[in-house]
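Both complexes shown next keep subunit A, but they swap its partner, so subunit B is in the first and subunit C is in the second.
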Partner chain A sequence: MTIASVTQLICFVALSLTLVLGALGVVLLPNIVYSAFLLAGVFLSVAGLYLLLNASFVAAAQVLVYVGAVNVLILFAIMLVNKKEAMAEIPGLLLRRVLSGAVCLGLFLLLLRVDLTTPWAVPGPTPLGEDATTLIGIHLFSDYLLPFELASVLLLMAMIGAIVLARRDVYSSDVITGEAADQGLIEKERTPLLLESPPRDTTLLEKV
Partner chain B sequence: MFVLPGYDAFLGFLLIAAAVPVLALVTNKLVAPRSRDGERRLTYESGMEPIGGAWIQFNIRYYMFALVFVIFDVETVFLYPWAVAFHRLGLLAFIEALIFISILVVALAYAWRKGALEWS
Partner chain C sequence: MPASSIDIPLEAYLVLAAILFCTGVWGLINSRNAVRVLMSIELMLNAVNINLMAFSSYIDGQQIRGQVFAIFVITVAAAEAAVGLAILLSLYRNRETVDMERFNLLRW
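So, the complex of A and B:
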């Protein structure tokens, strides 16, 4: 065993441990903010695994999009929701847990089967580093040109859909029932952030 | 087999970066004076006394900015291979990239028109 392969093995074990433990934390922790931050760690570990597989462009894209953007979006979505409202008791919790567990197990078995039956050997020498990124660019602008241009249309649709959903004032009344739409989200955005916070909690200082 | 060159420095940088918070906390534990006041139980907020709880509802503005940011982040990822392979692709690819960007400029114009970029 050379030093390089030992280093690679250590990196792989560390990344895998971080990934599995972080993913378990995402699912099991009761505080949803901790889950969101752990999810960033999971995404980073996945980027590290991509680096170990010599896919530097995919690793960079993973950090840029998932850690930098998607996770921030998830955090903002969590912070939009006021946690202090008491959660209603969910009926049939055991049945729900069994069902979701069965679905997860089925998905896991499917992935395992794909993993075992796919021939993983790559024919020919694989390009590395910057050459690989150049090759991606060349393929993107020759064979995969239409999907590339369609991606921009998809991004346009995503942007318009997101703005329409986030700004409910586009529809002043509900399309189906004809009642006035919930304008709460729009009203709240007009009040400054600090005024929304509850009065200062001085109980800690009074205990002194 | 990991063969990408130039990642030795990256690994060293990663180890140093991981050591910084550990060293900061350990040094603080060793050097800093211990206080028994009630203030030590407050959340650290850059020396200010924290106002209110941390569980406040954030302004929906932030969510809008994050949404717009995700869209243009993905656009960057799509344009990066084009920039790397620019010299080998030629004029046609340049025009194709211009079409790609112009479609997304429509998205930017829509967001601008709907006031998703305003901070007031």
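So, the complex of A and C:
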């Protein structure tokens, strides 16, 4: 074994341990803030695995998008909904955990069997080194152009949807009745925060 | 030739992704905090990405279509996280809780 392969093996083992332990911490730790920070560790170790797989561009994208954006978003969500509340006891919780654990273990064994018994076509062609980034660009602007453009539309839709959903007190009133129209059936009664001044008492219909 | 296709077998990455995916599924089923459910979904998406990248490097080394797929998965995951957290905030504003057991508005 050369020194390069030993280094690679050590990196792989360290990243795998970080990944598995971090993932277990994310789902098992009672404090959700610790979970969120461990999730950042999981994302970073996944980026390290991408580097081991000769994919520097995707590793950079992983760090930027997941650690920089998604994880920060999750932390902000935790801060916004962080109210100490005692979760009510529900009967059969332990049984549920054991059963779902058994199901997940079965799924894992199935995946393990598929992974280990399928004759994969390795070794394939020689992996590209640093040319991979160029090739990704060529792919994105030739044969994957339509998904690329659709992804931009999807991101725009997600952005507008997130703004509309998370905005506080969208006070749209029904034109006919003058009642609040936003989810009035399921929301609790509350006074909108942005509506300090009394609402216009003439609706559009009366003006007409 | 980069050494990664010799030393670490492809199966190691696949088993690692399987462990990560099953952890994510368990967390998805058993979490009572809605934020943790979203985190579990991110874990599962990352497991899928590891599979795609491993196949791309070991089997499709000259075309790397798996890396392009992984980029699209990352894009969709970012959109999903944004919309999911917005829905979570909206739910929290209405129900004043993040307990998954109490989000039963649409249950029979």
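Note that the second predicted complex is superposed on the first by the 141 of 208 C-alpha atoms of A that agree within 3 Å, B and C clash if a C-alpha of one lies under 4 Å from a C-alpha of the other, contacts with A are read in each partner's own complex, and residues count from 1 in each chain.
Everything below uses one rule, namely that a contact is a pair of C-beta atoms (placed from the backbone, for glycine too) under 8 Å apart; a residue touches a chain by one contact, two chains touch by 3 or more.
Keep in mind the model is a prediction, meaning the values are calculated, not measured.
After overlaying the two complexes on the shared chain, residue contacts for A:L80 are found with subunit B and with subunit C alike. Residue contacts after overlaying the shared chain place A:E130 against subunit B, while subunit C stays out of touching range. Of the two partner chains placed around the shared chain by superposition, subunit B is the only one that A:F141 touches, whereas subunit C remains out of contact. In the superposition on chain A, A:N54 makes contact with both subunit B and subunit C. In the superposition on chain A, A:V70 makes contact with both subunit B and subunit C.
Within the superposed three-chain model, A:V153 lies in touch with subunit B and out of touch with subunit C [touch as defined at top]. Touch counts on subunit A: comparing subunit C and subunit B, the chain ahead is C. Contacts of A:L116 after superposition on the shared chain: subunit C is touched, whereas subunit B is not.
By the document's definition of touching, neither partner reaches A:F37: not subunit B, not subunit C.
Residues 4-5, 8, 52, 54, 57, 61, 65, 69-70, 73, 76-77, 80-81, 83, 128-129, 135-136, 140, 151, 155, 158-159, 162-163, 166, 188 of subunit A contact both subunit B in one complex and subunit C in the other.
Interface of subunit A with subunit C (complex): residues 1-2, 4-5, 8-9, 12, 16, 19-20, 23-24, 26-27, 32, 35-36, 39, 42-43, 46, 49-50, 52-55, 57-58, 61-62, 65-66, 69-70, 73-74, 76-78, 80-81, 83, 85, 87-88, 90, 96-97, 100-101, 103-105, 107-108, 111-112, 115-116, 120-129, 132, 135-136, 139-140, 144, 147, 151, 154-155, 157-159, 161-163, 165-166, 168, 183, 186-188.
Those residues of subunit A lying in contact with subunit B across their complex are 4-5, 7-8, 11, 51-52, 54, 56-57, 60-61, 64-65, 68-70, 72-73, 76-77, 79-84, 128-130, 133-138, 140-141, 145, 148-149, 151-153, 155-156, 158-160, 162-163, 166-167, 185, 188-189, 193-194, 196-201, 204-205, 207-208.
Of all the residues in subunit B, the ones that touch subunit A in their complex are 1-5, 7, 11, 37-39, 41-42, 51-53, 55-64, 66-71, 73-78, 80-86, 88-89, 92-93, 96-97, 99-101, 103-104, 106-107, 110-111, 114-116. Remark: subunit C residues 1-16, 18-27, 29-36, 38-40, 42-43, 46, 49-50, 53-54, 56-65, 67-68, 70-72, 74-83, 85-90, 92-94, 96-99, 101-102, 105 touch subunit A in the complex.
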